[in-house]
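Have a look at the structure below before the remarks.
Naming follows writing order (A, B and C), and every chain is counted from residue 1.
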């Protein structure tokens, strides 16, 4: 039987080595289910605290736990690898926002909100990134595809669930803003 | 100007985030060449010692420095492999069952029982696995090879002898009684 | 009138310089593209005009807004007909709203008649909400852009995993055979028979290593009588199936077992 100190070392090692977040279930398999989820959660919390003040941190995202570097060190890492993921255009970001906050939506829904046509390339780019996916069709003539965001989208944005997305500005506040200079 | 403690944190962070070894030259880029190779080597050596006794270690391989997990933890990581083990096709399983229960048998015997031809690949796969082997030939025209299961087969299935295989009598009754149950 | 002025950014939207169209409607040749880049569509342009000119969303002065909007649309109509279509549609809507507001309203019905601007206001606010949400999303830390994932090197299991088979899989495979081929009667396999079969394989292996094996050598004395019986049964079964030949040169001479040869037939 392993003591909890060993458990912590093993958890740390597995999390450092795993290219993907590890769910509690996956982590339990490390120990052939010898430890319950509650115990592991406690050890993970301890581990998280052990890494306070270091360049990487242990976080809990949609699909599980993972180590990631802290944003403060990104400027150093950028010097090693000048290639960065694309900065998306407003068209892409607005489409993503509508899918994220209003899902599931069809392309028509997105066009209604934005007031302009949505280019196929926009949806393709988001699909290729693994951030959105077709989750079905709306049962109306033409059977338009319904889009939703994926777990990978949440993972990439460091979120555990959709309700951790920044809250929407309330309509009333938008109304109040009129009369105030728009930045 | 960074102090050496900061330098160590940045080195550690970059090495943790890099899936490939980082050369001293690459590591110097982290600091815009502010530090010489000698200084970095000293800090790396310190860092290596900091990680003593943990699940991962800092090593210097041919192409540079990298963190890697210690061999002692490999068996835990192996349990994580999310890949489900593949399954043998029905043809392979039935062939194996016939060889196990009816050995020694020729390919012709197997075909008689199965009612269909047995592909060479099926026998090859089982031979390559070390679970069956040719134990002789039947002295009839064509000299067909006689197959039997091996000791490795018993070992891999956790059996001491063939008669520890599930008895078929009850099952046969089950089939007889139900008649069409397993069609 | 046609005084040429260099484009001066009046505001920055998403980091893009935004040029307001001068009052005299002169547009520098490259300013049009800047405008088209800066706005995501007619709703976006309207929002900009409303916010920039401190108009009240709930009480949009339609005459003023429509006039300003038309200034933009005029300049983008010629070179960018296709894109301008969406803007033209909005222009038509604005003019329609404006004209409906000019219609005399009956004092009584005023309360019940919906404000012709209501739908436009709803759309503007919904779009603005999503526009701000997009900015919010973009501001979130993003893997690969604002932080990196940690991945320490480890020995990956390179070889493909082999399928696992359990004794029950074999049982089920056999069951499938039974159900399919109705071989029940011919292929009853009992424990005793299995032991015999196992020994048949073992004897064949032995005989492959040496041409002649003395009969007695094929019996292992350790495990007991049952073992001897099973071995004997295996030898008989092998002889019956024509897999081995058992021979004796002379009475009381040693009995030998060897693999069957065609010459024996």
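A few comments on the model shown:
What we mean here is this: contacts are C-beta pairs under 8 Å (C-beta built on N, C-alpha and C of every residue); 3 or more make two chains touch, one makes a residue touch a chain.
Note that the coordinates shown come from a computational prediction; the quantities given were computed from them, not determined experimentally.
Centrality annotation: C (chain centre taken as mean Cα position, compared with the mean over all protein Cα atoms). The chain with its Cα centre farthest from the Cα centre of chain C is B. As a whole-number value, the distance joining the C-alpha centres of chain A and chain C reads 15 Å. Separation between the centroids of chain B and chain C, computed from CA atoms only, is 25 Å. Work out the mean CA point of chain A and of chain B, and you get 32 Å between them. The multi-chain contact residues of chain B, meaning those touching 2 or more other chains, are 16-17, 19, 56, 67, 69, 77.
Contact of a single residue of chain C with at least two other chains is seen at positions 148-154. Residues 16-17, 19, 21, 56, 66-69, 71, 74, 77-78, 81, 83, 85-88, 90, 93-94, 96-98, 100-104, 113-115, 129, 135-140, 146, 148-149, 156-157, 159, 161-169, 171-172, 174-176, 180-183 of chain B touch chain C in their complex.
Listed in rising order, the residues of chain C touching chain B in the complex are 148-155, 157, 160-181, 183-184, 187-192, 194-195, 197-198, 200-201, 204-205, 207-208, 241-243, 259-262, 264-265. Chain A contributes residues 9-10, 12-14, 16-19, 22, 26, 29-32, 54-56, 67, 69-70, 73, 76-77, 79-80 to its touches with chain B in the complex. Taken in their complex, chain C has these residues touching chain A: 14, 40-44, 48, 50-52, 54-58, 86, 90, 123, 125-154.
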